[in-house]
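What follows is a pair of complexes built around subunit A, which joins subunit B in one and subunit C in the other.
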Partner chain A sequence: MNLIKIKRQSWNIGIVIIALGLGTWQINRLPVFGSYEVRTILLGILPIALLSMGQAIIIIGGGINLAIGAEAVLINCLAARFMANKSFGVAIVLTLALLFVSVCVGALTGLIISRSKIADIIVTLATSFILIGFAMYIQPSPGGGMNLTLAHLISGKGSAFLPPLIVLILPLLIIWIPLYRSRMGIAMFAIGSNKDAAFLSGVNVDLTRIKLYATGGLFAGISGIVLTAITLSGSPFASISNTATLNSVAGAVLGGVALSGGVGGLTGPALAALILYFIPTILLNYGIDPAYSQIITGALTIVVVLAGGLIRNRGKKK
Partner chain B sequence: MSNILKKVQSRFSVAMLSLWGILFSLFVVTGLVDHYFFTISSIGVTLQLAVPLGLLAAGQTICMLTGGIDLSIAMIATGAAFIVSIKSSSGLGLAILYATLYCILIGTINGLAVGLFGMNPLIMTLGMNAVLIGVFTVGITTFLKGSSTMPDIIIKLSSGSIIDPISWPFLLWIFFGGLIIFLLSKTGLGRLIYAVGDNATAARLAGVRVWKVQLAAYIICALLGGLAGLMIGGQSGAVAMSLADSLVLPSVAAVVIGGTSIMGGIGSYTGSIMGALILTVLSYLLATINSSEAVKQMIYGFIVLTLAWTYSKLTEKS
Partner chain C sequence: MKLSNKRFKAGFAIASAVGLVLTMSGVLSPADAAGTYKIGVSNSWAGNAWREEMVCAIKAEATLSGKVAKVTVLSRNTDSAGQSADVRSLITQGVNAIIINSGDTSANNPAIAEAVAAGIKVIAVDNSITAPNTTLVSNDQVAYGAVGATALAKAMNYKGNILYMRGASGAGADTDRDTGFRSVIAKYPNLHVTKEVFTGWDWTKGGQLANQLLAPGKFQGVWTSGIDYPVVQAMQTRLKGKYIPVVGADNNKFVGMTASLASKGFVGIIVPNPAIVGGAALKVAVDELDGKTVAAKNLLHPVALTYAHDKTLIDSLYFAAQDANFSSTISLPGYTTFNAAQLFRCRAPQDDPETTS
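Up next is the complex of A and B:
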């Protein structure tokens, strides 16, 4: 029994070991390592970890959302535009409203995919244009702001690393675990593994997919809010959203989610963000030109997906 | 058997008819908004502007017919244009040779990764795009330093006209377009491309080297992308990093609107040509309305989605 449990977690354990190794390497290079540095690392991984989790939910359900980065950028711009110079209470209400908006955007994406029967890739490529266009309309140039009390509540201040840690773990506890244990969780894995079989077994495929995209949207929304709290501004750039989308897919795959659907969890992607953060940081520490970070991210994604696929195929043959 | 064939044929003619309808109504609307649009020279310019998109869509069609997609096509195009503009000081022939080798190299890497290593084409080419952006960002300050203006002959070939509505790029498009249509419908490789896209396992069991077909598809796609890059560079006169960025979604959209299935095996380049023309007239219309970049992006994404949706509904019913 215990062995089975360990085997099921082997992917996550592998990620933790790699992340710990890279982390030690990075920490050894830092002159001091304290709670301030912990907070820096957490802030570095937080937006991408949240996006990876959102992407993971959608990929497990057999889809893919190429607009997830654009969703986060849109929420980032909306938050920065409307939360600047607002009181704490108003900012809280706005945060909730924006999270609702992101859920709606996700649900709408899922609805379009279900109704139109066009491939996920096409629909989300098109919606990514719409969302980025909307973000540019809301916030034509980088700027805006956020209520500082709320920002500190989300991203911490100085060496307070607990707030970002809570923001990272809370969605896992209050969204993923109930989802995983619910009927919808089973339906999610079912439609990801075999949509037709799931349909024939009585799963409402369309509704499940809409719910999954809505949940993915919620994660993108949280990521957007966190991004605003960290940067205290909104940036309406397609390049940011493209990089974020790419990273979210890399994080999901590195976290043990199979691109073919039906396999994986959310703890893996959350941990995988650590690796995605450490590798470029370490390489850049060695005095490599920052322009190379694009190359590193791209190459890393390819290697991760390639290695992930190969490892999983080997596991299947056994 | 002949019954099925008839059904497929009638479905295609309905689809083709609706594409003509969409193109015609867009054409009329644009003409009503901008009276200058109905002149011969204006139509010539529109046809000329459609050429790069048409060539990118040709590459994309071939990739999609095998069940793949190439999102690195923007940087393949931009890279080829960069190489030609910078190396042209040491002879145009050599510059074009370098650019061709570059395209073949990237196409080979993409094709091998997808065909031999079973990489997800979406992730592979997205990652490749990020890597290439990085390489060229570093490159233009180090090993690719030099003039960013295109050689005169390429400017002439990509924007010079012979007799008013007929321009050099349009002639090139007819030549290469004819070649692609011939390749897809009359040659063995063309049949194999459809076979692999329709059912890769069946094709493999029938003795097809599936990876070789995919490799060929990605190399042809990269070469067409490079050619499109030279056209775009020639039309704008100089090369910039974001040269072909805005044409990636349109190249995918043109193919999808043209009725090629993203799952592979179904479709034709004729449809993609119609898609490219529709999207070019559409962007002319959006430019005439003189809206901001944000609004343009939104409308564009929205219309691509609507067209793809309408098209899939139209073909579904008949």
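Up next is the complex of A and C:
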């Protein structure tokens, strides 16, 4: 890797170092560390890592989706409701159908934002209530299930840590990298940096936005399917979606995505989920009040955003 | 020029990582182990007085048992995926038993099955779970719903409208109490549940709902899943000082109101739901680890108390110095050995090894 590539990856390297530091600390506390422990960590970060990646795509394009957690909860409830006691083949078909639904929900959100010209934060706040309402209608109380073969294929079984690792990395490889290299990827960074300039340069701002929200929705859908595989049930609670949404923003920001748009990638948010997992886990294990882990996570987010903002501003002046 | 910025960026990240780790490891020194059994606790709801008392009962009983080296409590507000992660985290720490108050009857089953497969004893406390090969230590929640409903039906002369204030949808205890409650109410054709609401076991929400729903003549009785005294408070304003019977739990303030408002015609029906069931769960966990045979279901049998019949007992349950929502049952004969002071100290074995002997 040459120096320019290292420069470009500096944020990710920083995140990796923090995560490695925390990880080493956690691993040292464990009596044994093997593949089961790796799987435990992967399952701990997977739902939030996927959501952070989806949120990151939208934030890079200059938006924000406060309904991303609700999208995941809706897919979780749909999956648990309709996949219970179904054969493997049917479950696979349903998974693909639900991922399509999540893309449509995302695209629809993007369409409403583009057409109405109402701020993203307002539209998605409203859609989050609507989606949770649908989730409660579909699955009024927690329950449901999923085909066990499919669940093991997603979340692994025993000490099989490869399945969750693949579920974490595959979306990066087959969704993010092609997107990043495509015209749409350039359009995404362009509208995130300066919507008007992008429009004047011939970028179809509305269409790009709809595509970005659709891609974000796809990530939320994968996260919802993963939630179902981990818990083998669906839970229609607004509290889950709210926490997940806020964590997805924290993950995106910690992962080097600027809230002002136009900056960042998806590897950072995926790695940042590790940090969001390790801090509460380590502190809880020391018997420290869970409120403190939230304070530390919050403080860390502010420090990172401040530092990132300072660095970016310095860069702009020169 | 740009290069130096990026270097600064990377350098800052490294420095902050190192700083973070150093600060935290300096503040926290690992506790010394002094005993044999390691007990893990997973609690899906932090910041709730009842759950905190439950955790304290586990710690106090573990300290007194002399057989427990360490109690690791993973207590936070989290969803099922988070609690499953906590259970797995406890497995990786090599605990011998896990006491879990599960936020969902089945969603933690995959993680629990992995614990059982690893030879860890899993004890569900308070909320039942559907995972096989686990032990339940809980109030008999079906009976809790039934005895309260029976006493309420009697207090209402077997007729009238009931305001039915449940707990949290999907929680095992709520489902079980509902089963017990409905089995009794179905027997009386003149009793009607005219309004059913979920308080989420949230005191503020319960109070708000009572204030919105109570109106003179609308209801003749209230069943609550333990969110009790805010309902009595709401009656004081909404029903202009008239009282209708309320089923509640052994919450300190409700116990106090049942005694003090009895002369004003208030019928409070107390169905204890002891938070110190955590202490009973710890004893069952230690028994299992000792190789003793333990029943799969260990249920406490609640009895409905009214001031007309159980005046002395109710008076003894009121602790003027404790908080309003303190669960005032402080001893379960046959299960717990701590006294009030030991419970209030809330110390796990690793907190003060000198007192474990």
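The working rule: the second predicted complex is superposed on the first by the 287 of 318 C-alpha atoms of A that agree within 3 Å, B and C clash if a C-alpha of one lies under 4 Å from a C-alpha of the other, contacts with A are read in each partner's own complex, and residues count from 1 in each chain.
Here is the rule we use: contacts are C-beta pairs under 8 Å (C-beta built on N, C-alpha and C of every residue); 3 or more make two chains touch, one makes a residue touch a chain.
Just so you know, these numbers come straight off a predicted model, no measurement behind them.
Of the two partners, subunit B and subunit C, it is C that touches more residues of subunit A.
In the superposed pair of complexes, A:Ile121 makes contact with subunit B only, with no contact to subunit C. In the superposed model, A:Pro140 lies in contact with both subunit B and subunit C. In the superposition on chain A, contact is made by A:Ile302 with subunit B only, not with subunit C. In the superposed model, A:Ile130 makes contact with subunit B only, not with subunit C.
Of the two partner chains, neither subunit B nor subunit C is touched by A:Ile169.
In the superposed pair of complexes, A:Ala197 makes contact with neither subunit B nor subunit C. Of the two partner chains, subunit C is the only one touched by A:Trp25; subunit B is not.
In the superposed model, A:Leu96 lies in contact with neither subunit B nor subunit C. When the two structures are aligned on the shared chain, A:Ile13 is found in touch with subunit C, with no touch to subunit B. Counting contacts by the rule stated earlier, residues 140, 243, 289, 291, 293 of subunit A appear in both its interface with subunit B and its interface with subunit C.
Across the complex, subunit C is touched by residues 3, 7, 10-11, 13-15, 17-18, 20-22, 25, 29-33, 36-37, 39-40, 43-44, 47, 140-143, 151, 155, 158, 227, 230-233, 235, 237, 239-240, 243-244, 277, 280-282, 284-291, 293, 300, 303, 307, 311, 314-315, 318 of subunit A. Listing the residues of subunit A that touch subunit B in their complex gives 64, 112, 116-119, 121-123, 125-130, 132-137, 140, 236, 243, 246, 249-250, 253, 259, 289, 291-299, 301-302, 305-306, 309-310, 313.
Those residues of subunit C that touch subunit A in the shared complex are 1-3, 5-10, 12-14, 16-18, 20-21, 24-25, 28, 30, 46-47, 72-81, 84-86, 88-89, 91-94, 104-110, 114, 117, 169-170, 348. The touching residues of subunit B, when paired with subunit A in their complex, are 69, 113, 117-120, 122-124, 126-135, 137-138, 249, 252-253, 256, 262-263, 292-302, 304-305, 308-309, 312-313, 316.
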